[in-house]
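Next come two complexes, and both contain chain A; in the first it sits with chain B, in the second with chain C.
So, the complex of A and B:
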């Protein structure tokens, strides 16, 4: 039997990392954040800076939500946003480009160029639309997130497709999609375990780090319908429970949106990495 | 070593007399092979065969019932390390901690909370399970009187926590007949604690931080005659918890060490990080979890996580195909079609509800596959959607004959339009965007 090398996952050398998710157009972001952190969310570079200096994130993941606007065409604007964030933080960046295939190519090329030399992590490649993002990543030496819907075989397939475009293995991060707690999270949890397990058993096609983000978390019914006094705390616990479970399953990067969750995760990761009192 | 069903069958009497509760010896053998039956149920098994079977067919983690009556529950019986290998069977019991130094009102608050708190999710009642009464006063009389008070208020499974057999005995005077769990037997006190466990028919928790010493203590207790043990490896940080619990469970399921084949106990009060240790305990093998303070948000998240992790992963929760209402839809309300994968269903339902627009959801049976997978696998077809549409009698329910389909189903939109004669609108790929989509729909932008 192969063990999940719990002893390695949480070694001090390579602990799991926490990414703070932010966006460049708050109109497409859960209302909870606007209600609780109104001054921060207006300025994306300030937001990133806070993430690094005050909240203790290890990475910043920017969703270019501005590209969701109808008939978006301000591609030079993307560069400006990325430049601003890069000047605001020294943390590694994950850039989530468009999610409509028509503008993919323009968006990703602009992201790639703007972050040239920064070794960005670009998202998101999917089975039916991975070429634009892969091309941008290869051209500017960035890594990509390969997202597949909660299925170990689809994750594997996508990695193989990406490899065929010329993406090196050390530039692929697996995102097997994480459903929110109570909304299918357990499927995601087991898929992460299975992918990690398969890699440890020697499957090269799955031997890449895993990133996990449960983007629907702040909008689940349990959070929405909580009384005002406990709403924010419920959101924190929903994020924390999901992210902690994902990293216990084997994720290397977990993504969250609330500063308090980062704090809880940091404490938990340190505690998980602490050397055992006895060698077992 | 685990035996195969056919090997086991060879050892059975082959009378097919049904006395074991199974129709044939072979079906009984199959149950034995998967650890789901007890060899003792066959009265005709010869002693030698029994011994061979006994050690290899018993579930690697000993099953036992906690408490009596309506709120009692089962733990143990687990047989794997990862839920995808098979499933996790019995969810951990959550016990709220109650110190015997607490005042009258606190006692009733805690006891009543465990009795009444209820979260209904996906058709299941999710509850806290019991009360863990802790001897803080170190006084037998005080402890006894608190146990008595709890008994008067509620009938719930209990854990009595003290290392002093006299104190535990004082509690057992009031609740002994309900078989509470005793915490804990240690290297120092185990003979006395075993005596109490035997006398009152209690489950006994063994508390020992050095896991190499646990087997010895287990064997001593078994020798004295206490069969139902639970292990407390005294962990107080997440790293230790993950490591020790994993090692113990692994040695149990591989049958490397039968003396570790017992359920595990976790006290979150020993941790800095109380919600984190609770979540970790749910994921990693705890069967009884004592919780000291439980803010409502943590309670909800923990109950939800526990439900998910203990759902059989082989059987994806599928939704019943058909028509579902959001709000109070009428003849003009939009209709969203999607698949019967529960994750897709609940996510879309959530976003539709928060949009505040009344509408219908038409759920198509893709055997639990997500939209993307169903389209790729050819399970989401125009004929299937049309059949569902007809069965739901949608043409008589709405007047507009327009169907909104998920963004990922765009490849079938043309065919679907031909097959159904309905107008097909391709919605967003991401359910999070249905709110914006509905707005643009209402302002007449999406045509």
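So, the complex of A and C:
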């Protein structure tokens, strides 16, 4: 189902969703979180639970950062992590597998198997490495994120490649890559917008929901160079600004890392969806 | 000074220390492969230093040479500097070789109306009763023989000087040669006796790489002699840009002008020998060349063509004396040069159009000339759009690891068995394979695609368990020929990177076609005919060209190869004054689309970097073929 973005005045169906991004090894995560939320980031299943119960996230996106360790081979460990998160939260789960082609296959198959019976969203398929993740998704009936570098045609091509491996249309989520606000975001914006319009005009290859995540946001110069007392607040604003703009462009799922941003986005979506100014 | 000896020819030359080996080779007249213009980028000029000292940056070699090869003295001639007396072996593949140059011209069906006519005359000698001047007597004689009116004929001084003696010494039996030059008739020769059987013209395709000469009898249009050879300007780089850059250097334009005329003269001389005629009897030379070649031949500065806003100096046909361009035929023969439309749409393309006949037809045709660059013309008798661009050298064998020109030993045709994934191929001259040329590469791409070895972006499916599919030094690769089959001492492979370069090349051609169709507001269904011009088009498999999406899909029987359209067009213009007259109007009518200034081009290009195109509905037959192939190979994800 594709609608115009934020076109929710007459119905409540399909509002944009907000995913909380977390990871299983904090060593590979922006220092900002470690510094400001030290108690929650140590245990990934607790982290996910908090995302659901306290912060109001709609989805949880787990990055298996532990696979970035040199010579990683603890594949059964992946299953354990996923099992823990699944038992800790009822929210839909997005699993980001490895980012090195050598272990892709093992990582994705273990992810797929761990979530067997659930319907996970697996990430990330790219044009030059999509077979492993697609194989795992098809085998265990999961969906995949298809990421392409900020170009409507490349997004379309990757979807075609995935469909040609046997992925059903309703198991593909487009990630056309999002740059941080002020750092190339305008290209991402227009690409999201074009993809959405192409779908509305009847292009089946692009009629999939769009997921947008701009992890670079927490590391932009404006955040890095803020004085310590306002640094965290600046990061929230930057993350919020980027994510909200993505929503307006047409993203169906936006991913953020700071709990405060989720609340701000929720309010903004309600405000934007109201039929008139008076209702706010 | 140091001395350099080249093996196996033992040619020797003295050059300044620290010169490149390439410069020394050029100086001694050895033409080496320098696709990149001598900047160490193409890896085609491999030589082996046998004795002596040289210096080089090993990093630059890594891409092309193994450690072992470097230890054996292998280096790239263009970026290796001579430091002492040396001996250098130039292996055969590094030399510019006799190429499969296309010289076939279809039989021309048209009425002959040449621009030069010889009139054999028997004149009455003057007397006291008939004291009219010699020249008037001569020209009246021409008029009586059906030639132009005497007062319309211009006689140059050097001919007038000849008139009294030639007339009297021949007993008033002479042959006058009249040339029809736009707006005027010109008396260009006067010979004793009847020489009217000996009147010839030359039609020349002046290409960046090759020159083709046709000599024709202007009485009946018969072909008298044909020859072709390399453009000697190649020593200054293979591509246009390096020529223009050289022309900008002091004395450079003059050098290139002379090389152009020398090259033409060499090929002309061979054609004259083949025809057993006298070059003095060639009274007209028609040249079709690209814009830069035309400028260089005429000694016109081409420097402004390559800088914004890319203007050529003239956009109409030019007539001058052959002598002024240094072409050695009859000294008063006219030189007719085809008009150019823009920087990249030159006289060769106008000649292509003339050869296709599309400018005289109601049916819409798409003419594609693929060479070092590509040029495309879409239209009919009422309108025409043209565009040009860089296809990259991949389709001609450059930037492809085992790519090569269409020389002997090049794989020119290939098929892959969808079950065993083993290829069968044919090489030029049926010798052991040395590499793969353009037509072979297009076959290969289509076959890899049909066998599901590559996906639609050209990535090799590394999951397939087959000896021929393996990880190379940098990329996955497919083995086309095993070491024991080749004449190289190593396997011939095509890498994933090669495939990507090929796809990028084909994408730019297809995207350009699409842009022209969009400009004209028509679709592929409106195209009546597609013409391939140039050697490349002549040898490629049309079906495979469509399968990879090099050209829009239309029925195969509507696709034609016109061969060397430039030389064919030049032949037509040589034999038919009427057709020649239409050239200026073709050039004026043809709109030029600057692809770089066309925002939709990049989008269309990306859409085309997919086999055959992102939108498969534009290629219905390919869709069918591919589905069929997938059934055969049972391609699906390996779990």
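The definition used in the following text is that the second predicted complex is superposed on the first by the 265 of 280 C-alpha atoms of A that agree within 3 Å, B and C clash if a C-alpha of one lies under 4 Å from a C-alpha of the other, contacts with A are read in each partner's own complex, and residues count from 1 in each chain.
Here, a contact is a pair of C-beta atoms (placed from the backbone, for glycine too) under 8 Å apart; a residue touches a chain by one contact, two chains touch by 3 or more.
It should be emphasised that the depicted structure is a prediction, and the values quoted were computed from it without experimental measurement.
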Now for A:154: first (chain B), second (chain C), both, or neither, which partner does it touch?
-> both
Based on the superposed arrangement, let me know which partner A:263 touches: chain B (first), chain C (second), both, or neither?
-> neither
Would you sort A:127 into first (chain B), second (chain C), both or neither based on which partner it touches?
-> both
Contacts of A:135 with chain B and chain C, given as first, second, both or neither = second
Scan A:193 for contacts with chain B and chain C and give back first, second, both or neither.
-> first
Touch check for A:166: first (chain B), second (chain C), both, or neither?
-> second
Who wins on chain A residues touched, chain B or chain C?
-> B
Chain B versus chain C as contact partner of A:236, first or second or both or neither = first
Share the list of chain A residues that count as touching for chain B in one structure and for chain C in the other.
-> 127, 151, 154
Residue positions on chain A within touch of chain B in the complex are 1, 3-4, 6-7, 10, 28, 68, 70, 99, 127, 149-151, 154, 179-187, 189-190, 193-194, 197, 215-216, 219-222, 224, 226, 230, 233-234, 236-238, 240-241, 244-245, 248-249, 264, 267-268, 271-278, 280
Would you mind writing out the residues of chain C in touch with chain A in their complex?
-> 455-457, 459, 461, 463, 603, 606-607, 609-610, 614, 616, 636-639
Would you mind writing out the residues of chain B in touch with chain A in their complex?
-> 81-84, 121, 210-211, 237-240, 242-244, 246-247, 250, 254, 271-273, 275-276, 279-280, 283-284, 295-298, 300-302, 304-305, 307-309, 311, 313, 316, 341-343, 346-347, 350-351, 353-354, 370, 372-373, 376, 429-433, 436, 440, 445
Touching chain C in the complex, chain A uses residues 127-128, 131, 134-135, 138-139, 151-154, 156-157, 160-161, 164-166, 205
